[in-house]
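Consider the two complexes below, in which subunit A is the common component and subunit B and subunit C are the respective partners.
Right after this comes the complex of A and B.
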């Protein structure tokens, strides 16, 4: 009886577990579609492009290959599209391809403290699931490793087991290296907007100057973004938390999972920048024995450790854990793609935020030329480009710390009187071993003081350079306006005088024009002389100062 | 009553005004000078007289407010002047055309005639009438004439009643007597130049200028004009240019003495002073518009006691008191009597309206007040 009962219980538990599992993947997906960015017709399509492009870029960089990505979107019917993405990466083996495209949460990126584009590995498989749910069709994948051997396969996901289902596997010969994926989606919409795949691709190209992307939109129009740099960014490293700013809770949770046997070795091995001198200082500051088992640390003791961290000097987190875009690279791609009249780029030094995570901010301000967002009526509006780990953030701008930082800058001080309506593109890139997103949609950076402050400082620095340029531009424009004003009035004046005096109007007009131009030239000359004088005076003051020293 | 032949102490010949040809010529001279400057690569400059208090003074000798000698130069090559320079040239050319073609226009008409967009821009030659009005004043002063002589005119205001025969030379030579136009009399035009309105015959001994229309109507109704051989002119507040020009002409062409009758308050007294000495705004034209020997009959604050009008005085407002204080300092109010009058107003803080005389009776003003004062030559000077 007892035995029977036991079996019974086991069966029930197994059944429950099985049932739970069967439902889990589909349920998980449905519940989390929102979280995964696969909602909203335009947003879903952009997210799909994002997932494929991100995978391709990561794969190429991992294999030290300069990425070249071809993207094509075809309209098959109303709200029905086919997406093709092809890269020149290392390609996938038959063993891996199923996991990559047919198993949710199979990625290796989850819970790693390292600067990566994606952090949840829902990517390509999420798209497969989405395709499957909206069209019932599998996705087609072709992969080659460049040795002449290729294979094609169709992949779908078994919703019950979260296992990939491969079909129509075919091997063939072609000198192709990389992965090409083709998938069909319904409930999506291609529309050119600030949040369209095109804008996503454009911004990806700006933040990834080493990438060439060719995009064919549903109307057949080709958009080519050529790489402006041949340097593959160095690989970011996985990193230990930095002692500055870790919380008591962090310390306790790290202590629970450490391999170290003693607190002292836990501190030495599990934290970044922990030298012997620092350890000695910490040991003096705490009132318990650092030889105890880290797992037995109490809240109070962890509190002492954090306090000691605060009072001890550490080196800033090692910068080689981060892979910023680089000032020169940003300049080149920004110039090529945004085409502003003036550009100033500032790359800040790496900093740490709350959890001891390194982050680095790079900003660019482009003014004039083709900078800014152009409305249908030709008017210009300010454009804010947000990037986290080189991925463009197109959605949830309102709740993003980057937007907040941009808006907190007093742009009037930098010569942009009406920021919102100025032809300006503000580029903000945040790279971090752990980007604090507001939600799993990964479209907004959480409002963390250190980050907002750092972005603001970078923008102000860049703004100062911009304002100098704008002041010169304004002066030039004023001159232009004056010239235009004179030229507007000259025909009126000469016609009036001609009417009264019967002098030839044409002759008078030409004379007046010459008079005005001569006058303006003279003024320019005087200005130059004055400037030279001022500079000479400046030098004099400097040399005098030197002498007195 | 003053005799018709009263000889004004001061020069009584009207300043000779320039004819249309002369004025056209003056405009041509200014334009030629600017063209010469352009041709010799010099800055094109338009010169006019400076207006405003800094360039206005009271000439004791003539009894007129006069404009000083300060001039203002407008340089086309100065971006701050360029637009106004352009506008001035347009006004000059247009008035030159009016003079040549013997046309006249209202200042609002010349504004509309000259208003257009500049080339491809969004800018207009004139954005509103105040801009063209300012240029007209500039041209008047540069050419040393009045706008009426530029064949321009503003809105007319003022009425004329009495045994006076006029001829409108611009309108079929219509000839009419202003005693026979009904109670309203004749509407004084903005342009009252002899070339247009000719004063043919006057059968009167003096001109009575009246501030309020109501009092003007009262005197018409009471038959004051016929009975006392008076020309009645109602200004309806501050006298318009045409009205001032007409008063001036009656004084100088027809040698009629001018008597002014206003409310007893700073505003009314200032109306009198404008008719007598001219105004600051048109200081340059005082010689065409003012009558330095005009006489002030009332109301005065002394009338209050004399005619027992204590019950019908009004309180002066803050603005009136301030105005009175300012007027204390005006050179042309520096006479003993006027200083006393103004000080009385400031200390008593009361004013008395013309119509307060109706407190006695409707006909009191026509039967008693005015005839008595005129007979006894009780004028404030």
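Right after this comes the complex of A and C.
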């Protein structure tokens, strides 16, 4: 072949082999920081706030503490800011603080199946890397566990090895419990917009009514979001994997790290909803001895187990591990912060996706009042607020399951003829033991069918209530307009009549007004009678139909 | 404080510390495989084909080989397939084959600034992990470098350590050059759709006219996409970082790994476009000795360098490192595969984003013929084909800079009144030394302003040509309709006239037809004269304007 001769000697297999290198995950995310949401000046700053705030809220929730978070953003120069976030959580020990802020993929959340805001162990360390990349400075962390002793330390990351570097460690006395982090960033910009830290904080407050957030923006203005509820949300529980949700590979990797000595006890202890009856059924379905060491399970044997799982009935995954926001709480914060004219909140029952992951959807539709986005020219547009595990999602709406679900609803059927241009706020909250984000930046939920469908059902349910309200509103408005139309002419008519009849104008006016009101009341009454008659007819038709059957 | 007492003893700082664990990048992507595009049955299969095909094309391109790729997908059971991809590239050595297919973040591409399809060293190893997770089986790889010796090996990944595991290594004699990979996958599904492997391959052929792909689908049907060009694309070159595109952090990390002994030679050798004049300017702007060891540079010194870079004039980044598809090539493959009635292709000049990264945009707008998406009911919809470094992007359109640019164009102005429902195919190709993907799955380009703007300009340029064509088409159609309207009545009229005048009907018919055609020609002539007059008037106005100035 002629083309053989064209082969470039510098790029043969051997030459390519020389170029082959390995990289740390820190280097990977340093090069691809857009994957962590750390790109774009405004977005980066919001992402930083997001990472620190979610860590604080998770820590408080686990320790059963009503969170109180102070956030401060200071402008140090053009596109150069300092961010301070202080919480009243349980604090961090000296041993883990380095890993928490200085090592990617290290944390308490990655290996647990549990409804938490964070789930990857990347966020805060990603911010440290970003600070370091743009300013060369470490982040400063102060932590106290409330026993009078505190420590301060500066943390950076060695990107080549993905290991934390600690410096200036100091212990001191102060009665402080929690974590305070202060870090400097360049290539960021504070600007109030739909995707700004302020909006992020506002939405966090909406989805977390038990949280108080005090935010000082770069102009020095204080924004205080006080908690509207003193109820600490039910602490989410780690859940064992459900038999219907595991793959062969999962079974093998659990088997490698189990404390059980026999497969039978491994199945019994390490899986959710595993009763004696199920165990018996499974033992009949596999062709090997369940007394063997789980560590010696082969792929084929694990495959038999998963097949048996599929064919056996189990209770659905425990859903008490989920901690939804709750209908009442959503209503409260909606009314405090969005102030709609009408509000319909629907909290669905927990469901399961991919066989084994519990999730729950709550939606709220607010119409009128301050609902909707307000453009600079005062025009109103529909607003979609997306939340996953109580964290607001401000970016990547286009690729999110929640957006897809909202767009799939035929809003015309629910009285919103021009949805996009309506003064409506659609609130969608998804909580799950594992939220399938589309990327490490955790800004969009992958459009898994079961999740999209469940959100759609919730929206349709809430939409029906909204539509009844809108219909009633329309009727009321029509009535109002007719009343106004009548009333408008009363002064003229009564003045003319007064001249003819010599009756006092005032008296005539009052009589005429009464006439109009009576007439409208009569109409209402007639409507009611007509409605009752129609219902009666409906019943008659039904009972006739019954008789004829 | 009352709430202190509520603190859960099991979740104090110490308890949390015990839960702290570290994870490998393989475990991370195993848990979050949706981030690699490995979720959804159809999408996963397309992603697998994508990863193998891009690796093959990159290897061929680097070795100056006209690629010939054979792809086969076999159905082994329900949602269970085997994928085989064979290329005629330079092959892999025994030393690197394990890393290429069995280690995440290992490869030749990560550390080079160069226009390539792959850039992360994740793809093929991600597929190995997916195969292993769903079937427990390793992938099989055969490689030969064309010297008569080949080897076969089976590869899997140790997720805990992110290290490759090789087994069944065998050498044998065969005159084969290239790499063949065969792997089994469950939880995937072959289905012809807009996001299927077939569509992926079709679009790969459109953007890579020099490639021949033979694809055998699970039903045994062969789809052959023959190359329409024998021209091997210019080999992309690795480029040195441009001074305007580097951060302080970049300078420091380059300084740590340079071969130079002095900062001055480091600057001279390790950056693009660094001339003697620029070096002199920089040396005046920094307050330290440029003869010092680059490894001893401090953050402050590196900051001075970057500041000096910003204040110094440099030539724009070398753009000869880019390898665009080319206007002619786009036209050829468009005409072969999309077959539009009208086609307008625009190839823009290379530009630079974020100061230092060269990129280039090419667009094509095809109207009529087979352009557009055809729905099941035969209706036509607009189709957007997105490409980044010649790789088709089939997913996550909603969050992509290309989609954003297409949507930002006011298509009405270009004669497409109802863009969404027009028979139009919009082709957008972006090539760059570094494509800023939004995620590791590389399905969408981050919406960086410079990139969106450049795509929009290209589309508007192409749109203007399309609009001229559409206007001419409309005029032609109108003329056609008038001609047809006249012609329709000629038989009747001539028959009636024949009766009255006794002249032969045939003769009358011919005369009347000539009359109509002459009339239309006359109109055309008048139009031309009018146009010429208008132009002349325009010139007159201009020259008058000149004189009066």
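Observations on the model:
Everything that follows uses one rule, which is that the second predicted complex is superposed on the first by the 368 of 549 C-alpha atoms of A that agree within 3 Å, B and C clash if a C-alpha of one lies under 4 Å from a C-alpha of the other, contacts with A are read in each partner's own complex, and residues count from 1 in each chain.
The rule is simple: a contact is a pair of C-beta atoms (placed from the backbone, for glycine too) under 8 Å apart; a residue touches a chain by one contact, two chains touch by 3 or more.
Just so you know, these numbers come straight off a predicted model, no measurement behind them.
Residue contacts after overlaying the shared chain place A:232 against subunit C, while subunit B stays out of touching range. Residue contacts after overlaying the shared chain place A:485 against subunit B, while subunit C stays out of touching range.
Of the two partner chains placed by superposition, only subunit C is touched by A:248; subunit B is not. By the document's definition of touching, neither partner reaches A:525: not subunit B, not subunit C.
One of subunit B and subunit C touches more residues of subunit A, and that partner is C. Of the two partner chains placed by superposition, A:224 touches none, neither subunit B nor subunit C.
Using the contact criterion defined above for the overlaid structures, shared-chain residue A:472 touches neither subunit B nor subunit C, since it reaches no partner. Of the two partner chains placed around the shared chain by superposition, subunit C is the only one that A:96 touches, whereas subunit B remains out of contact.
In the superposed model, A:516 makes contact with subunit B only, not with subunit C.
Within the complex formed with subunit B, the residues of subunit A that make contact are 482, 484-486, 488-489, 491-493, 495-497, 499-501, 503, 508, 511-512, 514-516, 518-519.
The part of subunit B that touches subunit A in the complex is made up of residues 27-28, 31-32, 34-35, 38-39, 41, 43-44, 76-77, 79, 82-83, 85-86, 89-90, 92-93, 96-97, 118-119, 121, 123, 125.
The touching residues of subunit C, when paired with subunit A in their complex, are 3-4, 6-8, 11-14, 16-17, 19-25, 27-28, 31-32, 34-35, 39-40, 59, 62-66, 90-93, 95-96, 99-100, 103, 105-108, 110-112, 120-121, 132-134, 136-137, 143, 145-146, 159, 232, 235, 247-249, 252-253, 299, 302-303, 396-399, 403, 436-441, 444, 446, 448.
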